[in-house]
């Protein structure tokens, strides 16, 4: 970072809009692309605000070293890494604790979605590379990884969609960007199997009253529903031509052709 | 260490007493507690002067990775670690060479006491944590580990008791504290299977004439005999109620109920 | 390095000789000794200019960890290490990237010479220690390792001989020393199975026109032929007494008794 | 001797759930009841602050060491608090020696986030010369005996050790900092912090799971509150999901249970 | 799904060679033909310079970050260029996470040596205060998708990212260096660099091998040329040898093929 | 070719003991006899001091490199001696590459402790500006060929390399240190040091065990003496114990054997 960042005085303007012009409950522009790599079994690219992230999936495949293999299900392993140039201050190429932590958090967020029991003794490896980071990389990574899993043909209970909510200048806001993450009052990343109503990721830093928490939780769910829709659109675009086969396997594959919205 | 330590001018006063008021051949106050942890198979806590040390034992148990297993006996593994706040200058949490070295020294000091051949292909793991250090941690660790092994029901030829001797202001002294260790003229940690007369640890740093060495060796043995008695008392207190069963197994277990003193 | 090295103004004098008095196409003094260690299966010592290098070979032997074993041939592993005091500026004892890289380069240079397929599932380990370095250690290491392999009785298609060529003051020169390596205009280490005409190592740094490259390649081959002869002399001296047995196995062993020079 | 702890029979799980369905747990506690809590401070004389917490059989020691050092460039007028955690291999049969694994990192992070966002410590008060010299606090958690719920025990121990911390007065001359002997004082803490862990077992939520309950639980959520009842940190853990409504219930339950922690902390703070 | 990529049947090898003997390759290319090349620059806004290269299905991203720092003691008046490479595990089934292995180190070294010896960058222009402050350029290569010939793709991407690099003007007062905002300028590059990789397959030499060709090739040689046609770096790789005459032929073939690279680079430089 | 060295038959052990019981060893030596010792110094011109020792087939090289640096805070007026050891994988079939294992650490520590406590080197003479600049000596032991008794061979080699060490005169101006060219001088050593290793084989004590004796020995004790006959360091090694009286006998035997070492060292010092 050659020049120092100015700390913003306010995160929400007098017009009720955020510094990047968004409304409080508005998502950043999101772009999903599925099947972007030639060697991986599945892959997806996401642009979410200025975040640029690639996720790729290999597996189910034989697992090395073998003693890690689970007898009754596949082992899901996610690896979250940041490119050295993805952030303002150059990141050391050595793996950081934060990367190890987020890798595990993302694994936990994806795990409930996968029928791991179908593939005992194998591994499913999810590799995530942050090309450029702009706040909310863990949620954007989950969104990309979820699409890459579907692209690899891994049987899923549902897509996992993720989004952060938080607080800035006393207001509950959706999908925090970098500045809001750093200078806001609370940040709460969430992930859900949206149609099932299952929360697979929930973390929070900052300060919320219980009322604020409940409001944030609700707003998060709304944001997730929109992202979920975008994910399905991206898959549909890719699989338009093979819709029929997929529909037949709908029990174990993501049902991308039906518009079911059965939430609690 | 916020404030620098003053280097003492003399370690032994004109009254013939040491800076902490002890006589030349006097041990520091020692407290042993057996069975202090809920999960470990055996455990012991020792306070020796200001040293505070916990030792715990797991095993005999299946060994990972398997290729380390010995076909004809159990593998004894001791791990000596210091808490970051156990010493004046904060210790880095990364394992140091000194910790690796002491782990091996302690393993060698305990090994001759254990009937390892009874449990081929297993491991016996001894974990030692220095909560607070005050000179002589290796000997105090051996004393604690020996009790933890007995508490775990591991068959022992004898308890291992350990103590240092050394030289300060030209005099042979017993059980060096931190200052005597640092500013004295010689330090010689010893460990013995006391009743068998077997020396399992002997190291020395400093300068001894051969006469001084022989005198020190004798004084060390005397100190060890006292510590050995304290160890047995600690075990007896713990096992008072189960004395009879233990007595029956006396061949392979520590004979804590008989007062045999058959030394050379 | 206590005193700074002076950068030479010229590498080739007005008399057409190099700073160390050599002609452009002249090798440094080279000394080979075979069978210098008692424990290794084969070993060799080389002095090449001021380079002092020992190479030792163990194998074919059982390989740990086993999952590295190759089903159809032996695994060749070379390890190139520099002593801390082998260079002007003390080298850290930790393995460097350069050492890892050279280990692999040397492995690749030796591999085509060995009948690895004779010993499936085993390893052949080549250990190289640079006692003193003076430019061209990778080539001198290959020469020493090749002799150590022969000394260990490993069946070879041919000895590997290596030498660097380069450019200094616009002239193509043979066997660069430290200064020529550092301040010259190009450096090109080569290794060959000389009699077969196979090039197993070729690297280049600097600037060559294609004409210069061709000239350098030819000069390198000439240097290699001389080194190859010295290697065979060293082996012959060692094996004079066992000449007859070796000759019988000449198909799979180095043919050190015949003076065949069948190059392309 | 050692048993294989990782494999849990369905039987054990069913026993625990059957009991919970009747409002009780294997050790007799009600679903929202903590085990006995014991907090001691000042247990390591070479540490600048220290505490030991026993939560049932779970035992955690925290020591604090301080150094003078440079602040982070982006917070030049704030001291630094560095929190680490070690799950000692003596604490549980499956804990292994080696660098901190995910569980240890998560433990340290959750305690750190609770302390950080509760604003208990005013980091600015740890600044001596802005941009140059600040107090650096190394807070190290050692888990000695692991019978479940390390988050809550470690949070309490860290807080008690910080309360026990003593710093000397300083005399600043230009850029020179002199420490005044015999002037050790505690640092001011604003209020307290309670981390409360709720486990999900089948359709039930229970407070303060022990190690047998952790083995069979479906999920876990830890919520840290400050004394005003504000949430300062949340961490959902484990490999399973919570239903949306369970999240809301867990927050309420955690809030209620935080009273017990505050009351225990009051005894030493 | 995933297949075992390391084991290649003799059949595959024979198919590829049979085709090559007729002057064609499996994907229809002639022996001296490159796959389509696509170069984009400025793709990462947080990097100080960046580029993405697609060579067929091979995809490489390079980002450059700059810092002010001290020069190396033996070159006090030169800036520093540090080149690293990661073969991301997403790029190929057998690539594994972990510290750079030999393949990654070799890739970085070959690109580095090409750039260094081609004299494209005058390191002296990266010096600000001799012996004290110079620009340090961290050039990091990330291989995202590995369908063969990473050397040539990475060299192009590194060069394009350096071309895309912007540095601010500086104002030097004594030993203080002030960076001038809104003064970002490219650094002057002297000419271009083309790394060309030739694979040996049986008795044939082919340009720009894809991953299926790399699996069955007998050897590989990479030659870097500057725009004057001078060789700046050579690296023979692989576990097999080249015949003496093959080396000479490969150099000629590489020289001829470098034109294609220069022409693609011209589009962005 | 390679054999499994770790497994030793009872037969081999019995053979060696039977021989020893008659006062002889397999290679014909008496129980208190050293193998031939050969010491060379100045063998590495890039080292500031170096030596090679052959003890029978055991071969050890030691090199010393010096640097100017800061002293340790607690000994501001003393130079620093840093001793390292590598058991090169070429030296013995079971030695493996990698960071120093316990055997290597122990070797370095025992040599270090002998040198340190024998007061051979006055560290104060290595001080240039108290608290600021001192000589730092890196003494690195490389075991090339390991046929037993590395302790004694390495101690001799380290001592000989230190004797061979040359340091330049220095000129101090304020805090500037200038090294004077062509003024290299040895450092003054006070006396000599002899490390003597005694192996216990059954009920016998033998001096200078070779590798076949080390494989079957029950224990080992190394005692370092200075020239006045004072003990400066002791290290009992191995996994077995010594009887109390054996310790006393071993010390006497070691003391007697130290004469041989002193006499060999006298040839080069």
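Labels for the chains are A, B, C, D, E and F, by order of writing; each one numbers its residues from 1.
One rule holds in what follows: a contact is a pair of C-beta atoms (placed from the backbone, for glycine too) under 8 Å apart; a residue touches a chain by one contact, two chains touch by 3 or more.
Here the structure is a predicted model, which is why all the values come from computation and not from measurement.
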{"item": "Those chains which touch chain F and also touch chain E", "value": "C"}
{"item": "Which of B-F and B-D has more C-beta contact pairs", "value": "B-D"}
{"item": "Centroid-based (C-alpha) most distant chain relative to chain E", "value": "B"}
{"item": "Chain whose average C-alpha position is farthest from chain A's own", "value": "F"}
{"item": "Separation of mean Cα positions, chain E and chain C [Å, integer]", "value": "28"}
{"item": "Inter-centroid spacing, chain E versus chain D (mean Cα positions, whole Å)", "value": "49"}
{"item": "Rounded Å distance between chain A and chain E, as computed from the means of their C-alpha atoms", "value": "32"}
{"item": "Chain A and chain B: spacing of chain centres that average the CA atoms, whole Å", "value": "53"}
{"item": "Residues on chain C engaged by chain F in the complex (per definition of touch)", "value": "2-3, 37-41, 43, 50, 52, 54-56, 58-61, 79, 81, 83-88, 90, 93-94, 125, 127, 129, 131-133, 152-153"}
{"item": "Parts of chain C lying in touch with chain E, wherever the complex brings them together", "value": "97, 100-101, 104, 108, 111-112, 188, 192-193, 197-210, 213-214, 217, 221, 264"}
{"item": "Chain C contact footprint on chain E (complex, rising order)", "value": "100, 102, 105-106, 109, 113, 116-117, 119, 221, 226, 229-245, 247-248, 251-252, 255"}
{"item": "Contacting residues of chain F [partner chain C, same complex]", "value": "1-2, 43-48, 50, 57, 59, 61, 63-67, 84, 86, 88-93, 97, 99, 138, 140, 142, 144-147, 168, 179, 181, 211"}
